[in-house]
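Quick notes on the structure that follows.
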Amino acid sequence: MNIIILVITVSMLVIAAFYVVWADSFFTVLAASSMVSVGLVLLFVLLRAPDVALTEAVVGVALTGVIYALTLAKIDLWKINDNDDNNDVSQSKQ
Amino acid sequence: MQRWTTILFLTGLSIVLFAIITPLVLGQSPMLVGKLINASAVNDTGAANLVTAVVLAYRGLDTLGELAILFTAATAIGIILGTTDKTQTTSSPTAGFIVATAAKVLFPLLLVFALYIILHGHLTPGGGFQGGAVLAAAFFLLTLADSGNNIKHKVTQVIEALAGTAFIVLGLVSFALQGVFLQPWLDKGELGSLFSAGSLPLLYLALGLKVGAELANLLSSLANVEK
Amino acid sequence: MMIWDDIFLEVDFWINIVSIALIVIGIYGIVFSQHLLRMVFGLGLLEAGVNILLVKAGYQKEAIAPIVTQASDTMMSNILAATAQMVDPVPQAMVLTAIVIAAGVQALALSLVIRIYKKYGTLDSHVLFLAMERDRHLSLNQKD
Amino acid sequence: MQDSLILLVVLPLLLAFLLPVIARYLGNLSGLTGSLLLLFNILLLANAWNSVGYSPKVILLGGFAAPLGIVFYIDKLNMLFAILTTIIALLLWPCRTHNTDVREYVLWLLLLAGCYGVILSGDLFNIYVFYELLAVASYGLVTLPATGASYIAGFRYLMISALGSAFALLGIALIYSFTGSVNIAHLAQIIPDHLHHIWGYSAALLLIIGFGVKAELFPVNFWVAEVYSHADKRVTALLAGVVSKIAVLIILRFIILLFPWQDIFNFLLLLGIIGVIVGEFAAFYAQDLLRLLAFSSIAQSGLVIIAFACATEAGIMAGIALAIHHLLLKPALFLLASHCDRSINDLAGLAKSSPWASALFVILALSLLGVPPLPGFWAKLLLLQSLMAEQYLLLLVLVLLATIVEAAYLFRLFMLFYQRQEMPEQKRITIQGQELYPVITLSGILLLGLFFLPLFMDSLREIAMQTSNIEAYINTVLGKVQHIGEGNI
Amino acid sequence: MSVLDLDHVFFLLIVNIGIAVLWGNRPFVGKILTLLYILEGLSILTSYHVLLSGAVLSSSLTFTVMQQTVQWQLGVSGGFFALITFMAAGLATWFSSGVWARSYAPIRLLHSYMALNVAAMLLLLASNDFLGLFIAWELVSLVSFLIIAINGGRSAKAAYSYILYAFLGAMAILLALIIIWNATNSFSYVEVRHHWSTMSVNRQLIVVLLLITGFGIKMAILPFHRWQAPAYAYVPAPVAAFLGAISSRMGLFALFIVLLQVVGIDVIQTLWLPFEIINMQTFLLWLAALTLIIPTFIALRQTDARLLLAWHGIGQGGFMLLGILSANALGTAGGIMHVFNHASYQAALFFAVFSVSYRTGTADLDRLGGLVTRMPISFTVMLVGIIGLAGLPPMNGFVSKWLIYKALLDEGMPLLFLAAVIGTLGTILSVYKLIHNTFLGQLRLEHENIKEVPWSMSIPMMILASIVFITGYFPGLLLESIAAMQSTLGISVVDYHLGGVNTGKGNLNMIVVVSTMLMAIGMGALIFFVLGNPRKQVTQWDNYAGGHFLTSDMRYQYSHNFYPGLMRVISPLYRNTIFWLESAIVSTVQFMAHISYALFMQANYLLYLILLVVISLLWVLAV
C-alpha cells in the first residue's frame, strides 16, 4: 500500500524540483520549493522519522517559505507573472 | 548547444551518483551504535522519544553547536540587513481586515501549540527547534497583521540571551556536579509522564525559547528592510 | 518482467531515485543558473537530497518509529522488546541538525541577495562579478 | 584538570550569547571581555599541556562511553593548534573603535568556539557541525566592511562553502550507511580494512573536498583571492592563518585514521602540487599586495597538504612545522599589507615613508621564502627531506621551481619598496607604531623560535610520533574495548 | 697560538659591521675600516703557519639541529681565500676612504654592505659541512645582491637578474643536498665522502651536475654567464674591484672543496654523461674552455672599459676551472694560484679604469685617449695589470698560465691547450685595446688639464701593482700555501721552490727569468741614455698619419671596430643564443602567470568544484 504513496510523492517531488530550477517567474519557483519540502515531509513519515518530518514541515515549508517570500518582496520579484513587466521576468530567466 | 550540455551534465552526474548510492540496500545498514542506544536510551535518560534522547543527551554538543550556528546566522543577518534598535515604520500596506482579526484569534492558539510541542519534546515527536519556529511564526503573525507594532528588539534580545545562557548553564551545572559537561541530571521520573527524563525538557524549553526569539528577530529584520 | 517488478516494488529504489534527482537538480541549479536567487533555491534542493540519504541510512525494514508509545505499562522487558525493532535514532538527530543548518545558511544567503540587489540593482552573477572586479580596481587606484 | 578543556568551547559560546545584552552596560569594555576570555583559555591550555604530556586524554561529553556519545580527543597536536589559535586571536582581537558593532565581537567569539570545537572533537558529525559554525561565522565576518564588493565576495564564498559542506554531509551519510557509527576511533577500526572499495573511496573524496574548501585545496580555493582582498584585514589574517590550517588538520586526521590508502595520498599530492604551482604563478602576476599574499597563502597551504599527504612520520612533522610557520607569519604579512592596499607600482619608495614596516615585511617575506637562517628554511628543509624519503623526485623539483618564482615576485616587491625616489606627497603611507605591535610580536615569536630550534625540533618529532600512532588513538578513545558487534558488514 | 683564533676574526668582523653601519658617513671612518681589514688579514697570517701544518682554526660558532652538528672552522684553503678577501676588501676600502668618499653620496651603505659581504664570505670559507655551506652560500648571495643594487637604476636591474640566477643556483644546491642527505643521512663532508659510493651511478651524476650548476652560477660558467658582466660593471669603484677580485671566486672555492675533497677527482673521471657521449671530466674541462673563450671574445667588442674588464673576469674564471679540474699537481696549483693572481691584477685594472673615470667622468673608450702624459701612475698600474692579465713573463699571471698550459700538455689534452691559447690571444688583443684607447693615442682637448688621482687612491693601486710584480718574481710565496692545500685535500702535491716549480720535463724558475729580463731592459735603457738620450720633445700635432697633417678636431682614435680584420672573420659567430634562451624563459613564466591568474578570475567558479567531484568519482569508479 505505501509503495503507491511512495511513488506518488517521489514523482511529485521530482516534478516540483524541475519547476524550481526551470520555472520562469520566481513566484512559481517559490511554490515549487514549498512543494518539494512537503514531499520531503511525506517521505520522512514513510521512513519512520516523525521528528525529522515535523522539523522539515515547520522549518522547511513554513520558515524558509516565509523567508523566501519576504526576500522576493524585497527584491520586487513578488509579482504574479502578468505580461506587462516582462523585463523583470526575462532578466531572471537568462 | 547550451541545452545539450545541460542534459549531458545531468545524465552524467546522476549515473555516477546512482552507481555509488544503489548498493546502499535499504534496511540492512548495520546499526552498530543505534542498537546500543535503542537498548540503553530509556533507562539512561528516561525519555520516551529516543530521538530527543540522542539530540540532547548522547549528542548534546551537536545541538549546542547547532544552536550557536542559528545564533550566528541571526546575528550575521542582523549586521547585514543593518537593523539597529530603532524601529522604523515600513511603508508596506496594512494587511486587510480579515488578516488582522485572524491574527488576533490565531496568536494565542499558536502560542499554546508552540509551548505544547516544546514541553512534550521528550514524549512525542517535536522539541526545541520545531516549537521555536512555531513561536516565531506566532509573533511574526502579529507584524504581518499590522506592520505598526513590530517586535520590540530589546525584549527578544533579552529572551534570546537568557535562554541561551540557560541552556549552557544547565550543561555547566552537570559539569560542576558530575564533572562531565551536558550530562542529563535531575531524577528521571516515571516514563511517559510530563515531568520525566530529568533535565531534557528544561534544555528543550531553553532551546525553544532561544530559537523562537532568534527567528522572530530574523523575520522582523527581514520584513523591515527599507523598501 | 519478474526482475523489473521486484526492483520497482522495492522502496529502496524509489528513495534512491528521488535523492539523486534532488541532488543533481540542486547542483544544476547552483552551478548553471545566472540568477543569484535561483542558486539559493538550488542549494535548498541539494540539502534536501542529502538529508533524504542521511535518514535512509538509519531506516530498518519493518521497524517502527523511535518513540516509546505504550509508556503506560512500565514493564522494562516489553519496552526493551519495543525498542529492539525501532529505527536507528542517531541519523534522525543528525538530520534534524542538518535541516536547521541549511535553513540558517539559506537565510544568510538570502539576506546577502537582498543587500546585493539594493546596492547593484541586478542579480545576474556575471554582471555582479564584473562589478566586483571594477569596484576592486576603483578602490585600488583612487585611494586618497 | 584536562576535563576542563571543554570550557574552551563552552565559555566563548556563553559570552557570545550574553554579549549583546551586557554590552549596553559594559560599554567599551565588551572588547576587553573577549581578550580576558582568551587569556583564560591560554591558562587553561597551559596547565593542560603538561598533564597531557605523555599519553593523550579523552573527554566524554554527556558522560556516555565512546561510540555512543561525543568524545573530545586531547593530544599534543590538538593542544599545540589550540594554543596557537588563541595566541593569534588574541593578537588580532579587533580594537574597540567608536563604530564597531558589538555583534562583531559575537561573531569573533563564535568563530573561535568553532575553531576549538573542530580541533578537539573526536566525532565525525561533531567536527562537521563545528566546521559549519566556523563557516557561518566567517560568512558574517567577511561581509563586515559592508561594501558592495564584499557582499558579492561573501555570497560567492558562501555558495562554494555551502556546496562543500553538502558534499561533506553526503560523505558522512555514505560512511554512516556502511558502518553505522560516527565516532572517529570506532570508524578507524572499521573503515581502513572493510571499506577499501568504491564507496570507501568516494566517501573519502567527498569528505576531503568538503573540508578542502577551507583548506584552500586546489580547485575549491577560488574564493581565496576575492575574499582576502575584500574582507577586513584582521578577518583575512585570521582566515588565512588559523582557519585554513585547522581545515588541513582535519584532513590530516582523516587521511591518517580513516582513509590510510595510497590512492587518496596520490590524489591529495596531485591537488597539493597543482595548488602550489598555480598559486605561485598567479601571485607572480597579481597586481596588488593583498591579492599577491592571498595567492601565496594558497601556495603555502598546498605545501602543507603535500607534506601531510606523504603520511609518514617525517611528512607529518614537516607538515606541522610548515603549518605553524605559516600560521605565525601570514597574519603579520596581511596586517602589514592591509595599510598599503593599492596597486603594486604605487608602492614605490615605501621604505622612505614607513621604514619599520617595510623592513619587517622584507624579513618576514624572506622567512616565507625559506632563506636559511630564518625559521622558514628549516620547515622547508623538513618538507624536502620527507619528500625525498618517499622518492617523490618530481614533486621535489616542482616545489623548488615554485620557490624560484616566489623569489622572483618577492624580490620585485623589495626593489619597489627600496627605490630611491619619494612616494608622492598625498599618496604617502606612514604606518604608525601601534599598528605594528601585533606584527612585531609575531615576528618576535618567529625569530625567538630560531634560538630554541633544536629543542623545538625534538618536541615536533615527538608530536609527529604521537599523531601517527593510530593504535594509541583507538585505545585511548575506545578504552581498549574490542570491536563492538561489527559482524554484519 | 690559541686555537680559537677564528673567534677573534669573527669579533673583528662584527666590530667592522658595527662601525660601518653606525658611523659610515664620517670622513675618517674609511681609514679605520681599512685598518680593521688589514688587522683581520694579519690575525690570520700570524696563525698561518698553524694552517700550513694542516691544523684548523676552530671557532665557538656551532649548533646542532636534527642530529647534525654544524661547525665553522677555517682550513688552509679557506685561509688562503680569506687572505685574498681581506686584501681586496682592505685595498678597496682604502681606495674609497680618501677623496673619493666625498664624491659618492651613500658611502655609509657602501661601507656597511662591504663589511657584511666580507663577513658572509668568511662564514662561507669557514664552513666545513654541507648545511653550513648552504646557509653561508645563501647569505653571500643575498648580501652581494645588496651590494650590486647599491647604485639603483641599471645596477638594480642587473641585481634583480643576479638574485634570480642565485636562487636558481641555491635551489639546485638544495636539491643536491637533499639527495645526498637521503643517501648518507648526514651533511658532514667526511660522512658524505665515505657513503658516496652507496648512491646509484645516475644519482651521483645528478648530484654532481646540480652542484656544478649551483656553484657555477656564482662563477658565471657558460650557460649562466649573462648576469655577471653588467652586475660587476655598473657598481662604484671599490665595489667593482672587490667583486671582480673575489666575489665570483666563492663559487670556485665551493666547487674546489666539494668536487676535489668530497666527491674526489677520480669519481668525476669515472662518471659518464648519459649515453656514454662524454666523460664528466672532459665535459667540465670543455665547459671551462668555452667559458674562457666566449666571454673573452665578447669582451673584445665592448666599448665600455668596465664591461670589458667584467667580461674578462668571467673568462679568467673559466681558466681557473680549467686548471683545477685537470687532475694534475701542476694544474690544480696553477688554478688556485690564478685565483690569487687574477684577484690582484683585476682589482688593479678596475682601480685604474675607475681613477680615469673619476678624473675624466667617463669610462667609455671612444671618448678617452692620450692620458699617459697626464696620469702616469695610473698608466703604469694599468700597464702592470694588463701584462698580468695577458699572462706575460714578469707578472704573476704568466706563472699560473704556464702551470696550467704545462698541466694540460702533460695530461695529454692538446686541443684544450689550443683552446686556452686562443683564449689568451683574445685577452691580449682586448687588453691592448683597453690601454691604447685610454692612455695612448691622441689626447682630447677637454682632458688638457687632467691631473693624477690623489694619493689616497693611487697608493692602493700601486700596492696592488707591486703585489702583481712581486708574486710574479717569487711565486714560491704562493706555492707554499698551495702545496699545503693540496696535501690537506689529498691530491698530488706540486714540488715547488721559491722561484717556481720543477717537474720532470722542464722546470720554471721565475727568479732567473725575471732577473734576466730586468738586466736586458737595464742594458737597453743604459745604452739609450749613454747615447745621449737622442729624442726631441714634440707637440702632439707635430706628426702626420697617412701622408697628411693632423688637426686638433680630427678624431683618428676609435674603439668600435678596433680589429676590423679579425672582426670580419668572427662576427658571424656572435649570435648570443643564450640571450634568446633567457628571454624565452622569462616570457613563458609571464605567460603561465597570466593563465593561472585568469584561472582564478572566474565568474562561474562553482563549475570547477563540480568538475573535480565528477572526475574524482569517475576515477574512483574506474579504480
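A, B, C, D and E are the chain letters, set down in written order, and residue numbers restart from 1 in every chain.
Basically, a residue touches a chain if its C-beta (ideal position, glycine included) is under 8 Å from a C-beta of that chain, and two chains touch if they have at least 3 such contacts.
This structure is a prediction, so every number in the text was calculated from the model and none was measured.
Participant: Please identify each chain that touches chain C as well as chain D.
Facilitator: Common contact partners of chain C and chain D, which must touch each of the two, are B, E.
Participant: Steps needed, at minimum, to get from chain A to chain D via touching chains?
Facilitator: Step count on the best path from chain A to chain D: 2.
Participant: Given the two chain pairs B-D and C-E, which is bridged by the higher number of C-beta pairs in contact?
Facilitator: Higher contact count goes to B-D.
Participant: Could you put a whole-Å number on the gap between the CA centroids of chain B and chain E?
Facilitator: Computed from C-alpha means, the inter-chain centre distance equals 77 Å.
Participant: Go ahead and note the Å separation of the Cα centroids belonging to chain D and chain E.
Facilitator: 47
Participant: Using the average of all C-alpha atoms in each chain as its centre, how far is it in Å between chain B and chain C?
Facilitator: 16
Participant: Could you give the separation in Å between the centres of chain A and chain C, each centre being the mean of its C-alpha atoms?
Facilitator: Chain A and chain C have C-alpha centres separated by 13 Å.
Participant: For chain D, give me the residues that contact two or more of the other chains.
Facilitator: 125, 129, 132, 136, 139-140, 143, 151, 156, 159, 163, 174, 176-177, 180, 182, 198, 202
Participant: Spell out, as numbers or ranges, the residues of chain E touching 2 or more other chains.
Facilitator: 601, 606, 610, 617, 621
Participant: Quick one: which residues in chain A touch 2 or more of the other chains?
Facilitator: In chain A, 49-52, 55, 59, 63, 67, 71, 74 touch at least two other chains.
Participant: Mind giving me all the chain pairs that touch?
Facilitator: A-B, A-C, B-C, B-D, B-E, C-D, C-E, D-E
Participant: Residue numbers of chain D touching chain C in their complex, please.
Facilitator: That would be residues 125, 129, 132, 136, 139-140, 143, 147-149, 151-156, 158-159, 162-163, 165-166, 169-170, 172-174, 176-177, 180, 182, 226, 229-230, 287-288, 341-343, 346, 426-427 of chain D.
Participant: Considering only the defined contacts, which chain E positions touch chain B in the complex?
Facilitator: Residues of chain E touching chain B: 610, 614, 617-618, 621.
Participant: Spell out the part of chain E that touches chain D in their complex, as residue ranges.
Facilitator: Interface residues on chain E, with respect to chain D: 63-66, 134-135, 138-139, 142, 145, 149, 152, 156, 159-160, 163-164, 167-168, 171, 174-175, 178-179, 181-182, 589-590, 592-597, 599-602, 605-606, 608-609, 611-613, 616-617, 620-621, 623.
Participant: With touch defined as at the start, can you tell me which chain B residues reach chain D in the complex?
Facilitator: That would be residues 19-20, 23-24, 28-37, 40, 44, 57-62, 64-66, 68-69, 71-73, 75-76, 78-80, 82, 157-158, 160-162, 164-165, 168, 171-172, 174-175, 178-184 of chain B.
Participant: Can you list the residues on chain B that touch chain A in the complex?
Facilitator: Per the stated touch rule, the residues are 49, 51-52, 117, 125-127, 129-130, 133-134, 136-137, 140, 215, 218-219, 222-223, 225, 227.
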